[in-house]
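Below are two complexes that have subunit A in common, paired first with subunit B and then with subunit C.
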Partner chain A sequence: MDRNKIYPWYFTGGAVFIYSLLCFIPGVLGILYSFTDWNNFSREINFVGLKNYISVFSGHSEYMSFIGNTLLFTIATTILKTVAGFCIALLLTQKFIKFKNFHRMVIFSPQVMSYLVVGLVFRSMLHPTTGFVNNFLKSIGLERLALNWLTDLKLVFPSVITVDVWKGMGYIMVVIIAGLVSISSAYYEAADIDGASFWQKTKSITIPLLKPVIINVIILNVTYGLRVFDMIYSLTNGGPGNATGVINTAVYKEFSKGNLAMGTTLSSILFFFILALLYFILRSMDHKEMET
Partner chain B sequence: MYGTKKKIKHFFANCISVIMSILILTPLFVLIINSFKSSGEANSMSLTLPKVWMVENYKTVIEQGKLVTSFLNGFLYAVCSVSIIVTVVSAAAFVIGRNRRGVNRFLYFFIISGIAMPINTVALMKVMQLLQLMNTRLGIILIYAATNIPLSLFLSYGFVDTIPREIDEAAVIDGCNSFQLFRRVILPLFKPILSTLFVLNFMTVWNDFMMPLYYLNNSKKWPMTLAVYNFFGVFENSWNLVSADIILTLLPVLILFILGQKYIVSGVSAGSVKG
Partner chain C sequence: MSMKSNRKIWGVLVTAALVTGMLAGCGTNQESAESSTKTVESTEEGTGESTGEAAAEKEAGGEKITLTFGSHQSGLPTSEVVQDLAKKFEEETGVVIDFQISPDAQWRDLIKVKLDSGEAPDIFCADTPINLASSMQMDEYCVPLTDEEWVSRIDENVLPAISIDDDVYGITFPGKKMYFYIYNKEIFEEAGVEVPATYEEFKNVCRKIKDLGYTPVYEATTNGWHQVLPLFETGGLYLSKDTELYNKLNKNEMDFDQVPDLLTIIEQLQECAELGYFGDDYLSNAVENAKEAIASEKAAMFIAEAAWRNEVVADFPDFDAGKLGIFVMPWGDNQVIGVNPASNAYFINKNSKYVEEAKEFFEFLARPENLQARLDGQPGLSEVCWPEIPGRYSEEDSAYIDAHDKATVVQVAVNYVDYQWMDVGKDLESMYAGAMTPEDVLKAFMDRRNEQAVLQKDESWAE
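What follows is the complex of A and B.
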């Protein structure tokens, strides 16, 4: 039978059309516009070459701090979420834990809430004078620990990261549990006969067999972290000052100021960043497959 | 001796699980309790129960926060964009999944690269202006459809393999053309993955905040998330009202989550374990 006849190409038309029009074309157009001085104040658009890129990467511009913050946020949340998700997944697959499914459901539940809502909830919970966290700390006599979580320059980044981990770890847990369940119990039975301890089993069976899943989880976390917007915008709006500003909040700021060319330049930088990263990850995976 | 030691360990492990769950649930409890307090009591958030349970808070919020309109808007955007996604993605997944050579292979990777790629929001505005879609409901629906197509295609592409090819061959021999084959034979078998796509995409669209922020500047067209954000700005000092507002926004997704848990979890795990 003729495959091209039974499975005609135009069935893909709808998806390809909508995706190209509203995701791919803007991406290409954005890269082209990043070489211009496009803005809301004049009708003319002039070619300016690499000027926008140079002003982002020249010395100590505020843009560099946005890029730095984005990287810091990505690295910190990726490590914390992966480790936390893995530990909880291990814990909640043990036989002796009671109400496993209830715990799993509860820990996953923040994932279905909007980032915006989580941001607002924690903005009120972490309010220095009326928030729940500080009230609670005061009521149990820990007044010294009642701090300005979201306005203190030193504390704000760890606070934001903690909230993000609170929301995201359940998702990672579910993914890792799916991986854990697919590991054949024969390995563990053999290890039990040899008298292996829990840690030995984790180190020599679970982690090696879970490697593909963990790589996926890391890719998920990294691409989320680099693109983060809602969480930061609703929790701190990039403040205090620019302390928690990331690339996507900067894009929005430039967009509302009318500096469209700068906004699209920052977006394009993020695009190249993720493209390069995915290329390296995929290449290193191919490499490993060839070795084995 | 060995037995008691083990029991203590198990007890501690159980304690840790309970503490984790409490950590997740506390903010929710605080919100619920505060949403029923009078404005004076809610001035400082705490776990003490309200003296009088103020159900009026919810009424105030629904009236002042224009929640009915924004609820309907959010619902409209979610249902329409999810319908578009489900239609175009199931057709595309069927063809690409069955015939993985040549152009189809390219198209597949072309689309799923969108899972990781950021959207150039500024340039998208330009495209929207050219298409006369800025500040329109249709525009926002199409954007949601476009941004969620990649992950949906990825999920359903893997699912096509679970349907045996012999079914197609039998249908073709019986005289089905490709459209009938898809409509009458494949779509009914696609049901499980379509439910997953529906639930996952509905929640993504309902929870999104960035697209209306960029592309809708008319408050009459705002979905729930943006209405809540705006409400928070105006009533920042009345925690009781803000809490009630947040609870009302959360309610639909929490209900959907409890009802469709199976689909969500299978979608989430399929999406990343297979990849």
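What follows is the complex of A and C.
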């Protein structure tokens, strides 16, 4: 190897400087602030140790319910989006489907819309008396199913999750289709010769070969689900009451209350949580690759 | 070898050039900012966003002055009557007023940051009262206006909201706010009921109206604030049991769990919701749609200010506002009208170069003809807080209002209530949805209040 061809380390200096100034240092500062009593009302910032973290995990049941809601939302949307995206992708790569690209475009299109727009549109569609959904149900004689979608405690979370899955599954579908297309048709031809059924082919060829794609999809969904804000904010604003509040809506509320340290504490918790989760997911991926 | 050292030298040189370039960039930035303010100054109606002081322009004849005026949207009437008055002021004095308007939700934080960093406009609008511990420290930032001529003409009940200790710091126009139940007289007649004076009577009225197929009360929780009115606009009821209540609460000598009527009212709200008196959709409704609900006579009652009826007529000209009457919110058998003297006021920045010109503008706004113009330009306003200008209350309303006691509402007199208004709204929503009990709502409210007091290092909360 020609050592002259290697650029000296200080060539990265500019990039490292800008990266640390704009990304790294603010991030670390944010975490450091979570150990203080930084707020809007006094200029002093005092070190308070783990006090903020303790109050999140003890007395304030509200924060724990936000963390619980965030996890529930993440798990539900990840599973539903992956399953729905996978099924649609499988369907839209079959030979008997006409106008595949048109269907793909239609299913993908919600992804292009802004979360705020989707949230506001669905809020009016799900209004109990003037909304499209209930009027439609009533007009076809299903009055019993015309419910208070966004204000009934039992229904509000499923409603929010459904809207989010509707919006997000198109993207997952596109990623999985890309994975499906890259599987060599030789495997399927060989299976056909052996007389394998569709279900056997899916189980023994498609899913194993799609594993890396599916793991990526899961990472995307999990990190999105944990950081969700705009969907909830525009659809229910965390309501009724705090029934659909998640970590990021709580962060927003703490900042607007002027309790800046508590806001950074909650977002630091989220950061560490995502970091830990990603570490394990990536570790398991490395492991898989070594096996193959 | 020489190639290698050459490359090293080049590397160092390029890095050095990059760094100096960045530093130089910072340096020239400031200069260019200065020069850009100069260009702003030279245009007549420049938006001097970054200029802390007013932009001045030398003209052939003399000096032309521009005052910057920062406000949130709701600080200036949407009819732009203040902007029109500012144009007249310019014709008269040659002083230009340059308005910079920000969204409501951001203003409280934005103006605070601007004041702290010395970049605040010459005149700015802020929400009142300013005399609470939880308000902004206007005495640090603003010019005292106590000696101005117009101070003596403002309604004296309003002065505390714009004063700190004994000094007046702002000028304010909207009159005191009073919320009532606006009700449809024809529906009441059809149901054969009278205006209720107690909670039991109110429930009876609601039941009879509901039996006729109307929604008794239009309630809307999605805006977050409207459902909270019955809790704190009824301060007169609480004060009637203990006249020193507000002081005791501010000194942390007692808390809201020792105000039994508050819990009673929360429980009554829950009862009415469960009985269906707010209709089926109140958790999905918005305040903006109340006009339609009242004008179409789907609903019989709605909590609003008396002048809100003018807005109904403005949107639904065929509707006869004479059908609508007012009565005091009878929650907890309350019969005292809650008076909120606070709204927003205009202040002069202490660091402004043109304090005298700003004072002159305030004098101009305080002239009787301009006060009248201000009232005329805002249909939703019942009165201005200047007794010389007659209000818009009808004779019937005035008689009703005069016949009742009045008391200051809780949120302008007790610390750490107003700031959490929307949070209480969410808790009430939780209660209606079944996730909280009335006791939970009260406890959450008290917890937040104590938490905020500790956060602000309130002396009465020091252990």
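Rule of thumb we're sticking to: the second predicted complex is superposed on the first by the 265 of 292 C-alpha atoms of A that agree within 3 Å, B and C clash if a C-alpha of one lies under 4 Å from a C-alpha of the other, contacts with A are read in each partner's own complex, and residues count from 1 in each chain.
Everything below uses one rule, namely that a residue touches a chain if its C-beta (ideal position, glycine included) is under 8 Å from a C-beta of that chain, and two chains touch if they have at least 3 such contacts.
On a predicted model such as this, the values are computed, not experimentally measured, just so you know.
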item: Partner chain in contact with A:Gly27 - subunit B first, subunit C second, else both or neither; value: first
item: A:Phe11 touches, of subunit B and subunit C: first, second, both or neither?; value: both
item: Subunit A residues touched - subunit C or subunit B, whichever exceeds; value: B
item: Touching partner for A:Ile54 - first (subunit B), second (subunit C), both, neither; value: neither
item: Which of subunit B and subunit C A:Ile45 touches, first, second, both or neither; value: neither
item: Partner chain in contact with A:Gly179 - subunit B first, subunit C second, else both or neither; value: first
item: First, second, both or neither for A:Thr151, with subunit B first and subunit C second; value: second
item: Contacts on subunit A seen with subunit B and repeated with subunit C across the two complexes; value: 4, 8, 11, 14, 127, 129
item: Subunit A residues touching subunit C - in the complex, by the definition given at the top; value: 4, 8, 10-11, 13-14, 37, 39-42, 127-129, 148, 150-153, 237-243, 253, 257-259
item: Touching residues on subunit B, where the partner in the complex is subunit A; value: 10, 13-14, 16-18, 20-21, 23-27, 30-31, 43-47, 84, 87-89, 91-92, 94-96, 98-99, 103-104, 107, 110-111, 114-127, 142-143, 145-147, 149-150, 153, 168-169, 172, 178, 181-182, 203, 206-210, 213-214, 225, 228-229, 232, 239, 242-243, 246, 249-250, 253-254, 256-257, 261, 264-265, 268-270, 272-273, 275
item: Subunit A contact footprint on subunit C (complex, rising order); value: 3-4, 7-8, 11-12, 15, 18, 109, 112, 221-222, 224, 280-281, 283-284, 419-420, 423, 426-427, 429-436, 452, 455-457
item: Residue ranges of subunit A touching subunit B (in the complex, touch as defined); value: 1, 3-9, 11-12, 14-16, 18-19, 21-27, 29-31, 33, 88, 91-92, 94, 96-100, 102-103, 105-110, 112-117, 120-125, 127, 129-132, 135-136, 139, 166, 170-171, 174-175, 177-179, 182, 213, 216-217, 219-220, 223, 226-227, 229-230, 233-234, 248, 251-252, 254-255, 260, 263-264, 267-268, 270-271, 274-275, 278
